[in-house]
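The structures considered in this document are given below.
Presented sequentially are two complexes of chain A, the first with chain B as partner and the second with chain C.
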Partner chain A sequence: MPMRDRLPIPESGYMQAVVGGGLVATVLFLALASPSTHTATLRLAVPIALAAIGGIFAEKSGVINIGIEGLLIVSAFTGVVVTFRLGSGESTLLISHHWWGLLAGVLVSTLFALVFAVVCIEFKADQIIAGLAVWLIALGLAPFVSRIVFESPNTATVGTFDNVTVPVLSELPLVGYLLFDTPPQVWIMLISAVLGWYLLSRTSFGRWVVASGENPKALDTAGVDVRKVRYAAVLLSGVFAGLGGAGFALGQLGTFAGGGETDIGGRGFIAIATYLFANYHPIGALAGSFLFAGLDAIQVRLQAAGYAVPTELIRTIPYVTVIIVLVFVGKTRLPEAAGENYESGED
Partner chain B sequence: MRDRVERLLERLVRASAVERIAVSVAALFASILVGAVLVFVSGGFASCRTGLELAGWTFCYNPVQVYYELFLGAMGHPLQGGWSPMNYSLATTLQQTTLLIFTGLSVAVAFRAGLFNIGTQGQLVVGGLATAVSVVYAAAIVPGGLVGTIVLIPIGVLVGAIFGGLFGAIPGALKAYADANEVITTIMLNFVAVGVTSTLLSWQFQDPNSSNPQTQPVPEYAEIPTIPYVGFGGRMDFSLLAFAFAVALMVGVAWLLARTSFGYELRTSGVQPEAAAYGGVDDKRMVVSSMTLSGALGGIGGAFWVLMVHGRWLENVPELGFDGIAVSILAGNNPLGVGAAAFLFGILQSGSRSIGTATDVPPELVGVLSGLIILFVAMPEFFRMIGSRYVGVERERPARADGGEAGSDDGGDADA
Partner chain C sequence: MPRNRRTFLTGAGAAGLAGLAGCVGGFGDDGGDSEARIGMVYATGGLGDNSFNDMAQQGLLDAEDDFDIAFDEREPETEGEFTGAQRDFAESGDYDLVSCIGFAQLDALEENADAYPEQDFIIIDEVLEVDNVRSYIFGEPEGSFQVGHLAGLLTDMEFAAAESETNPDANTVGFVGGVESPLIESFEAGFKAGVEYANEDAEVVTSYVGDFNDTAGGQEAALSMYQDQDADIVFHAAGRTGVGVLQAAQSEGRFAIGVDADQSLTEPDYADVILASMVKQVDTAVYSAVESVVNDEFEGGETERLGLEEEGVRAVYGDTIGDEIPDDVKGALDESRQAIIDGEIDVPQEL
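Up next is the complex of A and B:
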């Protein structure tokens, strides 16, 4: 949440209103909600923020990756299965099996992203339909494999990452329990947001990605291979989404329910709304993910408190918010060439 | 977004019907092939007593047996003795086909208007609950017997269509007037539909005589009747009348799209929104009305799920709406093609049950297969490449100018 202050405020009144409203909401949230709700928010933001950061790279390069939900599902599931198979609570090469699980989750997610990239870039598939396919395949594959390994669509429980507690610093008010006594996936998320922002806006790779989505022809003319840039961007979306999915499963859930909408439950789609809301700014997307994760944490809290409002209705709060947000950001300008296949004249 | 959809549809319309059918069939076979590899490899990780020993590894699953169960099991094993066409498995296949025709049409109508309706599932959930509740309440004031059947079923279907349509109109209006991406809003509304319907159920409509989350049953005479003496009676939960209605609706939608001015405007908005607007089509209203029509078809699917299959609304609604996406995409979003694609997915659904009973392979395989089918249908270029490599066909791209035909009536009829 401290990142929010550094968010450059765009000129348009709309963005000012969003950022201003966000700051007020943040202060109110920090003052009124309990510390446990704060930490829950930070952890629930992990899959949304990381999927959003990944989605930004893909979409900025001109490939709309709507299958990011599927990437979250496969990475979360793989993370749990691999940790379970290796033996949770033990370690190999001095590294805990949870970390090997995370690595496997990232690899599988990147592999899926590669397939998606080949299908979209090499075979010029419609990106939305191919993305839906990735989602539906993941939705079928996770419970399919789970039934083979665990004889149930839900996996066994493998436990979660231990909190990383920094002595002294963790005693600080607010930031102490938020940042210095927290599971590692929260730090992965924070570092990824800064790294994503740096990559996108401060490196030549970032400029290529933007050019590939805005004006691929110009990039091609400048001698940069548009296909390679798009491959790299889509693979990167797989890496970030993999960190998000596996980090969420191994750091927060400790298990994975593959039935129905799975434990991911639309967080990949919420991530897409988040980066549209943040106008493709990685740190803005991090801030946006706190909005949805905060609502999620509050609804969990409301359920536990046992108010007269039915749980099922409370559970829809984040989804309704996504719709409201989309109504207000409907005008987000997509990259000029997003969704289009680029064919180099050399063919 | 619009731009992209437009170009995609233009490409789809331009591709000849034969080519599209070829792509769909090729996609089907490619998915079956990849599915077979998946089944075989995953068998290496399963535990079993007997399996294929290969290089010190035991492979438990036999893909050939799995597909045998999937396709022939769905028909009730016609190659074995004592087979009758009126068997339970075939009834399940046709029951699923009937329901998938509705959801497939729902997705197809939106797609032809240039919109992705991923929300058919939610529209079906909402429409189904509305049907169950309205029929249960109306039954109290309507006489029973044949009169009840004649009055209650149309009421139920109509109410399902209205509520499904209204729920579909929401993302349509959000798209038209606030430019909110309909892919995301419809997916979110699926979650909202589940939350709202289960809240309504526990608040008002829960069957007091059951601990399952479900509504009271509709009276038996309000369920879709079966034709006496012809077959599929008893507890098969399938009615040929419902199937006939689905086919009639399919022909009706095809006629609506191809032969009416509304259909013409809808298709033009999908292919060439600027041209449609220039030609006097109110594009905002078109978005709302095509989403409403799409939602209404999803709602009818919910009504038939209630009135034909369970006789009540249950909280656990099967994912007919998501399968409708696969059905529509496999059918090239052509209403008449939806029938064939729905039959195929009906086989997959029914066959997954026979896989579940006859083999150890998880029935979720079918979910993976439908995802693969969508993936392969989305990449016709893949098959064109393979085709040109092995058959030596020159890859020919129609010149841009040929696209002019796309919006005309001829172009539309070519897909029928």
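Up next is the complex of A and C:
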């Protein structure tokens, strides 16, 4: 692996091909698919993109957080329950209870991320097992609490955020309905992607995160506390995933089904595939989530349009794409020290 | 990595114990002096689903009001737990009847009915021809035909109720299914036949979400039907996923048709878009099974089909907007119901 020691920009030919292909696909998609497909893509991308951005920070710092699916579940569930308890459609301190619900969802998700961080960083548990535990606990806890509150694994319905409609601008073709007449969680997603990219590649915190995942010893030697950097990165993954889960629940679902794999239904795992595909680039992860959400939106419409492709096959498109993409993007490289616990030489 | 393995074992052990604790709870009082003791094994999804399992429990509670019975309930989380849940009841020998709710319990029951030949069982939504099992199935295609007939008639009219209206420019209605399976496809087959019977020009668009707990999937499937295909009425057989269909109908100002229970009552937030529900009286099946046990008349090895005539399935008009459906439409539905019972209309049982 000759590229192994260089920083994560794989052969530029590959990158150009991916970006070029993506642009062509985007233009075709915008030109050929219906407006409702476009808006559906934006909505469905929210949990995937935000969870992926969160996952990038954790994994870049050297802590593989596969519990991100669990963080989506707890934040989505908490958002709905808190909004319901406060009273949906009302407001406190001039702020709608949906926003308080979102805040609570983010807090609980961050709290779960903190527990995960303590287990992984303080007690040096295996990150994969701890991450699985986060998912399994969330999978059991949400329906359990729901039974106590609602006597059912499914919550009551609380309605959703209102669309943010900007006068005049929303009249513009294409960008009007895409950006200026859209539910607020879409904006949260877009801003988070830019913010995540800026944090990771333009600030010293971002450089610490990268160093903590690539060469924690060097970072330690430079006088930066690796533990603190990893804590911050994992907590940040909780914040982003929380925005994704609670934003999805309060902006689109308006309720939470706790049966089976819950309403989240594996979107956190698609997020992991997405950021691997995007080679840990937050903007790339946003684009990747558009790809998978777009395929999801298209497959629903292909089915309804009566194309005689077996529906099972259509439904597998996102997952097959993930596999194909991962095979071709075999060059995605994990941060050098990802998954390894770091022990400072001090003690 | 001995250390990791130990961590894993500890974690897995703790999780397993917690899981066991969850399964064990709930042995009620021993009810030794009751006339009959019933063991209930619900479908995954459990109680509180506002439809299938809750209907089954309703039948049990109705029976408790009328007879002197005791019962214990199990709510398996996954299909793998059915065998154990059924066996626990059968092995104790304390139960006069073990009720298995839902088609997914068939394989488990096949095993247990053979292992415990003295135990009486019932299964709902599947057929198992064994001497100690009585099977209850429903005429889903016929019930779906009825709501299809309703949708086919209304989509051609200018009809408005509450905040919603039909689309007089298009003759399109939709069907959203949960997981593609013979049972759910039989809903679709009946629905399509009903629509066609009402209105030969009408088109039915179909989508399967692939999950019974995917609200967003149900929403997007129905939104694409309402927005891109000009559908104005969508019928769902998709469990909790169907709540997304109801939401989409509300946001688009169109109509939806519920399933299993009268959803205008169980999902009151969406009562203003629910024209009707295709109700399956699972409660009737459970009640009659319990009744037969209490009266010592239980007959295994038989299949009871609860269709339109037995009122095992029927179209129940929405509580809020059902009154606004024109009388001639309701009259037509009554006629087609009678025609199906008399055998004049042949309803397809599968796609």
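For the reader, a short list of remarks on this structure follows.
Following the convention adopted for this analysis, the second predicted complex is superposed on the first by the 325 of 347 C-alpha atoms of A that agree within 3 Å, B and C clash if a C-alpha of one lies under 4 Å from a C-alpha of the other, contacts with A are read in each partner's own complex, and residues count from 1 in each chain.
Criterion: a residue touches a chain if its C-beta (ideal position, glycine included) is under 8 Å from a C-beta of that chain, and two chains touch if they have at least 3 such contacts.
Owing to the predicted nature of the structure, the values given are computational and were not obtained by experimental measurement.
In the three-chain model built by superposing on chain A, chain B clashes with chain C. Of the two partner chains, both chain B and chain C are touched by A:Ile129. In the overlay built on the shared chain, the residue A:Leu44 is in contact with chain C alone; chain B does not reach it.
In the superposition on chain A, contact of A:Asn163 is made with neither chain B nor chain C. Contact with neither chain B nor chain C is seen for A:Asn215 once the two complexes are overlaid on the shared chain.
By the touch criterion defined above, A:Ile66 reaches chain B but does not reach chain C.
Of the two partner chains placed around the shared chain by superposition, neither chain B nor chain C is touched by A:Ser201. Touch criterion met: A:Ala273 reaches chain B, while chain C stays clear of it.
After overlaying the two complexes on the shared chain, residue contacts for A:Asn154 are found with chain C alone; chain B is out of touch. Judged by the touch definition given at the top, the superposed model places A:Thr262 against chain C, while chain B stays out of reach.
125-126, 129, 133, 136, 147, 153, 261, 265, 312, 315 are the residues of chain A that lie in the contact sets of both chain B and chain C, per the superposition on chain A.
Taken together, the chain B residues at the contact with chain A in this complex read 1, 3-4, 7-8, 42, 45-46, 116, 118, 174, 178-181, 183-185, 187-189, 191-192, 194-196, 198-199, 202-203, 322, 325-326, 329, 362, 364-372, 374-375, 377-379, 381-382, 385.
Listing the residues of chain C that touch chain A in their complex gives 4, 7-8, 11, 15, 44-50, 174, 180, 205-217, 219-221, 223-225, 227-229, 239-241, 243-244, 247, 267, 269. Within the complex, the chain A residues that touch chain C are 34, 36-37, 40, 43-44, 125-126, 129, 133, 136, 147, 150-154, 157, 248, 252-263, 265, 296-297, 300-301, 303-306, 311-312, 315.
Note for the complex: chain A touches chain B at residues 66, 119, 123-130, 132-141, 143-145, 147-149, 153, 261, 265-266, 269, 272-273, 276, 310, 312-313, 315-316, 319-320, 322-323, 326-328, 330-331, 334, 338-340.
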